[in-house]
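Please find the structures below.
Heads up, the next two complexes both have chain A, just with different partners, chain B and then chain C.
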Partner chain A sequence: MSLIVSDLWKKYGEKTVVDHLSFSMEKPGVYALLGTNGAGKTTAIRMILGMLAKDGGEVLWNGKSLSPKSCNIGYLAEERGLYPKYSLMDQLFYFASLRDVPKSQVKERIRYWAKKLEVEEYLYAPLPEKGMRGKKKEKPRMPDQLSKGNQQKIQFMIALLSDPELIVLDEPMSGLDPVNTDLFKQVIREEIDRGKYLIMSSHQMATVEEFCTDITILDRSKAVLQGNLNEIKKSYGRVNLSLKTETDIAPYIAQSGVVLLSEKEYEYRLKVQNEGQANALLGLLIQNDVTVITFDLSEPSLHEIFVEKVGEGHEVE
Partner chain B sequence: MKWSKNDFTGTGKVFSFTLFQQLKSKANMVSLVIMLLLIAASVPVMALFMGDSGQSVTSSNLERVYLCNETGYEIDVERIRTEDLSFAETEFLSDESRHPDVLGEGEAAVTITEDASGYQILLSFGALKEVSKEEQTRLQKAVEQAFMIARYQSLGIFEEDYALLSSPFDTRVETVSDYLEREDYDFESQFWVQYVYSILVMTISLFSSIYIIRIVVEEKSSKLIEMLMVSIKPLALITGKILAVMVYLFGTFVSWVAVYFISYGVTGLFMDVSGIKDTIFSSGAFSSLTHIDPFLIPVVLISLLLGYLTFSILSGIFGTACSSMDEVEGANTSVTFFVLGAYLVTCFIPAFPEQWLSVFSSLCPVLSIFCAPVQYVLGNIGLPLLLLSWLIQAGVVFFLARLCGKIYYDLLMYRGSRLKLINILALARRKEASK
Partner chain C sequence: MSRHFSAFRKVFTFTFSSHTKTKGYRAATFVTAFLLFLIPFVSMLATEFFAGDNTQKETNYQTAAQTVYVFDEVEGDFDYSRLNDMSFFLPESGAVNPVYLHFSDIVYQMVDSAKEGLEKGKEDPCSLVLSVTKDDQGVHFSVLIPENSSLTEDDAEGFSSYLSLAGNAVLLQKSGISEDALNALSVPVSSAILTGEETEEADPLKPVRDIFGMILPYVILMVLYFLILIYGQGVASSVVSEKSSKLMDTLLISVQPKDLIFGKMCAIALSGILQFFTWGVALVLGFAAGTVSVKALFPDTDMVLIRFFESFGSLSGVFTLPSVLITVLMVLGGFFLYCALAAVGGALASKAEELSATNYLFTMALVISFLCVLFGGGGIENIISGSSILDFIPFTAVLVVPSRILLGEISVFAACISLAMVLLATVLIVLLAGKVYRMMSFYRGKVPSVKQLLGMWKEK
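Right, the complex of A and B next:
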């Protein structure tokens, strides 16, 4: 299976909102679409999913135009909600029918995902306890009685009910508490392990970095950086240096020409030009009998790459 | 923009879900039950005010009537008792004559004789203080009726023939100038038919707009649209809703009518409902319905369907132009403006019996929803004009559906203050120009 997005573009009047976007997923994994607000991520996703007419380009799934007919798609939109007055179970059944989930499997799948996402208590009326016979039966909760996080879990269930081959998640973790964030991450990991194709859009770079194999960074409708995340990082080299010492090493840092980013109680974040410059600083410290507790030389984070790439464009402006 | 089958895939699922939720809604069910109870109660209440109750028919104080028939015609005394229920407990004794002097309280004697001048009926009452003048008149009429029928029957003329012979008729005398000046126009009937049909269309249109706008805005403000549209096209989404509301509303109206007739039938077992029937028939509507035939039902149904589709698509568009439930009122007002505007105009049309006005009101979009079937039923326009009217109405529905298809997605995704009709049309023009 493969997903190929080629030369996708869209204009509103004179304004280009997505400028000839191309990327592909040859194997299962997570592809990240990153960008600042208004960069064109959501518009690109809507065009990929066929919800918004494109002015040019094509989206192919296994060589065929991507549509709900050619591909089983699960989508968690950035703008989220539920029908406030309809029961949760009715809504799940409705979406299952829209996604052509076989009737015989709907209940089973709802039960599975309710357990997985820990929302059973909101979907199923609890059984009456002993000695409670004759008392009014407790009803399942309505959507407006759920917290935002729990509503988000129900929406995630809706996206996954049809056991989709392609899962598109637009800011999936926004607004979740740490416990539920971990729950979502766990589900995403499982879906990756099951060979699913995921497209994820997020502002939480750490989360994206945790899952994605390939990325596209969009800035003002254009792709400014694209490719395999590891290779992109490698291309930057190991330029981040974290140092922890027992004494002040500011004079040695200045002497070595390394850029000091921050310092807190002898913990330093430094930017080096290359590994040689880092090694030279380490040598200088040893030579001067400075005890080094931590010496960690690493590639730049996705956050740094993103800020650098998007920042470049804004600086020009 | 061309429609394809894919644009409507999933319509059935939206239809089932929407209809199910309408039927499941407690508010809908409570208002339906209240309405049905009011309708059911309206018949006995009307019967109470309009006609004499069967239970309140007071028995005549006449205990016994001696009938002396010297004519040879066989009078059916049972008929007198069944024709006028006040005599149900009165005993009729045939072939017995009684002199007025010997009649006791609650007794009467009827003597029918024949002489050279014709027939004579003499009614004598025993004690006048007990038997009222009204009762005397009723007995007189009942006896006259029975005697008349007996005479007809002797000639071999039975019930149905008698009804035919005794049916009323009007005679009019006029001169040539009277004929030329005569106004061959029954304003009351024309107005009544137009008024009743307009109210029906207005009720259906306003109800449909309220339901559709509410459903559409509820969905839009729930922020579920994007998750829905990955599985279904916008046109299927709105079509399913319109059809579901149509079935729900038509079902509601059918249940109203059914409950009315059931109540009428049940009330008729205990009370006199002839007053209600008389009121309806005396309104003059039926005398003018010259086109009553089996074709009338499809005429009304097709006209109502076209009217419903016009206003429901318009409601769908206006509803989608809202972003929150707070704006529902504004959208409802916009549709109500169209419906009430057309309704008010149609109420004045019967006042101007001009042929061109009948044709114009039957062909003019929106107005024709209220007027075309009425003008056809009243005989003011013929079948070809009615068909042309339907064609124009179908064209309007098609135009609105195209407009809806063109902008529905953009309206669904739109977030901001409610768009007015002028903004919606501008959006459609921009979409067209961008192609």
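Right, the complex of A and C next:
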């Protein structure tokens, strides 16, 4: 299976909102669509999924135009909600039926995901205790009785109920507490292991880095950086230096020409031009009998690459 | 096609079951139905109970006269004791509370002269003498009071009034006419002016048609107006609910806008029809229970409402089955047509608060059509015989055709064409609503102007 997005573009009036976006996924994994607010990520996703008419380009799934008919899609939208007046269970059944989940499997799948995402207590009434027979039946839970995080879990369930081949997650972990973030991450990992194709849009760079093999960074509707994340990082070289010492080394940093980013109790974050410059600084410290506790030379983080690419003039979340 | 139908069915089923499960819907349905049952039931009983006996009165004027000596010099025989069995409508009593005069238990004795009668009357203080004479001016019924009589002039006058009403019957029987012929002559006679066409093919149901011709346009217009105003808003609210609930993306990945709109519109419309039908049944049951109870408790009742209900039995020849079927379909078609317009309003709004601004679409269309029907055809009284062009404009057709087909003013074929146009217009408007919904699905901001909408339309 493969997903090919080629030359996708859209204009609203005179304004181009997605400018000739192309990328592909040849094998299962996670593809990240990154960008500032208004860069065109959600519009691109909506066009990819056929919800929004495109002005040009095509999206192919296994060589055929991508649509809910040709591909089983699960979508957790950035703008998400639930019907406030209808019970959670009714909504899950409704969306399962719309996604053509076989009737015989709906209950089983709802129970599986409810357990997985730890929302059983909101979907199922507890079994009556001994001696409590005849107790009034508990009313079905309504969405407004759930916290935002738990509502998000129900929405994630809706996206996964049809056991989709292609899962599109737009800001899946925004607003979640660390425990639930880990829960979502675990589900995402399992879906990757099950050979699913995922497209993820997120502002949480650490999360993207954790899962994604390939990325596209959008800036003002254009793709400004694209490719395999490891290769992109390699192309930048190891330019981040973390250094911890027992004494103040500010004079040596200045002497070596290395850029000091931050310092806190002899812990330094530095930017070097290349590995040679880092080694020269290390040599200078040893030469001057400075005890080095930590010397960690690494590639730039995705966050740094993102900030560099989209420019400091943008608001970064 | 099957995929579209499948999506429509799923949206319809969910929307219908969810909507009819809500507390608000159930409370409105059952509380209103209960009231609609109770109010006519109680009102009919109370009206009958407090109105008193307004039934037809047969007043038995028990005059003090016990014996009447009759001197009759007019030719022909008449058995005066039959006057005891006769009663006559007193014209001055009026139609609302009619009074019928009836003198009974009087002994009539024939005498050879008025003098003889007066002589006999002297010995009977409760007697009168009736002298029936004839001259050039006609027959005279004279009531005489014998000497020593305990009867007053008022007693004699009451009896005289009765005789003035009974006189013709007396004379007719004297002429030798049979009793059957006399009965035949007693039926009420009315007169009317008829045109040439009407005299050629006399329509015995014309009075019923005329009454329904006046009532039906109002009833159908009001029913449609009521249905559309209440449930049109419901359709628009349902259409906008995904936008309010931020479910647009989740839903559009699974279902086409036109299937969504069609499913929602049909579900809300059907739940409305179900609710309205429940209310209608409750109202009918209320009147039925009221009628049965009034008849059981007041067997002599002559309540106007009950007589009106009983007149429904004569409708069987007025309406034909095809015309009734087309009427029902036309009313339903009209309801769906305006619901489709309401769906366009819902599709235009980007949140529930904007519905008041977008609902003008169907309310304006309804009001304008209503005014066209009122004034375009020459007034409400001319809806039935008014301009036929309104039959083929979907928005006005739904208001006039039901009455016109029901009363046979247009042919079944013409009504079928009109119905087809209404259904076609409904489908086209639903498709338009789907297109608008797709256009507006991710639009944020104020309700767009017509120019903006046209711009969006061109943008695929």
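We take it that the second predicted complex is superposed on the first by the 310 of 317 C-alpha atoms of A that agree within 3 Å, B and C clash if a C-alpha of one lies under 4 Å from a C-alpha of the other, contacts with A are read in each partner's own complex, and residues count from 1 in each chain.
Note that in this section a residue touches a chain if its C-beta (ideal position, glycine included) is under 8 Å from a C-beta of that chain, and two chains touch if they have at least 3 such contacts.
What you see is a predicted model, and the numbers here were worked out from it, not measured in a lab.
Trainee: Given the superposition on chain A, are chain B and chain C in a clash or a fit?
Mentor: On the superposed model, which is not a single observed complex, chain B and chain C clash.
Trainee: Answer with first, second, both or neither: which of chain B and chain C does A:Lys27 touch in the superposed model?
Mentor: Neither: A:Lys27 stays clear of chain B and chain C.
Trainee: Check whether A:Arg194 is in contact with chain B, with chain C, with both or with neither, and answer first, second, both or neither.
Mentor: It touches nothing on chain B or chain C.
Trainee: Taking the superposition on A as described, I'd like to know which of chain B and chain C A:Gly81 touches: first, second, both or neither.
Mentor: In the superposition, A:Gly81 touches chain B and chain C alike.
Trainee: Contact-wise, after the overlay, does A:Lys264 reach chain B, chain C, both or neither (first, second, both, neither)?
Mentor: A:Lys264: touches no partner chain.
Trainee: Going by the contact rule set out at the top, does A:Lys15 touch chain B (first), chain C (second), both, or neither?
Mentor: A:Lys15 sits against neither chain B nor chain C.
Trainee: Just checking: does A:Lys139 make contact with chain B only, chain C only, both, or neither of them? Give me first, second, both or neither.
Mentor: After superposition on chain A, A:Lys139 lies in contact with neither partner.
Trainee: Between 80-88, 116-124 or 152-160, which run of chain B pushes into chain C after the superposition?
Mentor: 116-124
Trainee: Go through chain A and flag every residue that touches chain B in one model and chain C in the other.
Mentor: 13, 46, 49, 51-52, 68-69, 73, 75, 77-86, 90, 94-95, 97-99, 155, 158-159.
Trainee: Taking the touch rule as given, give the residues of chain B at its contact with chain A in the complex, in rising order.
Mentor: Where chain B meets chain A, its residues are 6, 10, 13, 16-17, 20-21, 24-25, 218-219, 221-232, 409, 430, 434.
Trainee: Residues of chain A touching chain C in their complex?
Mentor: Interface residues on chain A, with respect to chain C: 12-13, 46, 49, 51-53, 55, 68-69, 73, 75, 77-86, 90, 94-95, 97-99, 155, 158-159, 170.
Trainee: Which residues, counting only chain A, touch chain B once they are in their complex?
Mentor: Touching chain B: residues 13, 46, 49, 51-52, 68-69, 73, 75-86, 90, 94-95, 97-99, 155, 158-159, 168 of chain A.
Trainee: Quick one: in the complex, what on chain C touches chain A?
Mentor: 3, 7, 10-11, 14, 17-18, 22, 241, 245-255, 438, 441-442, 455, 459-460
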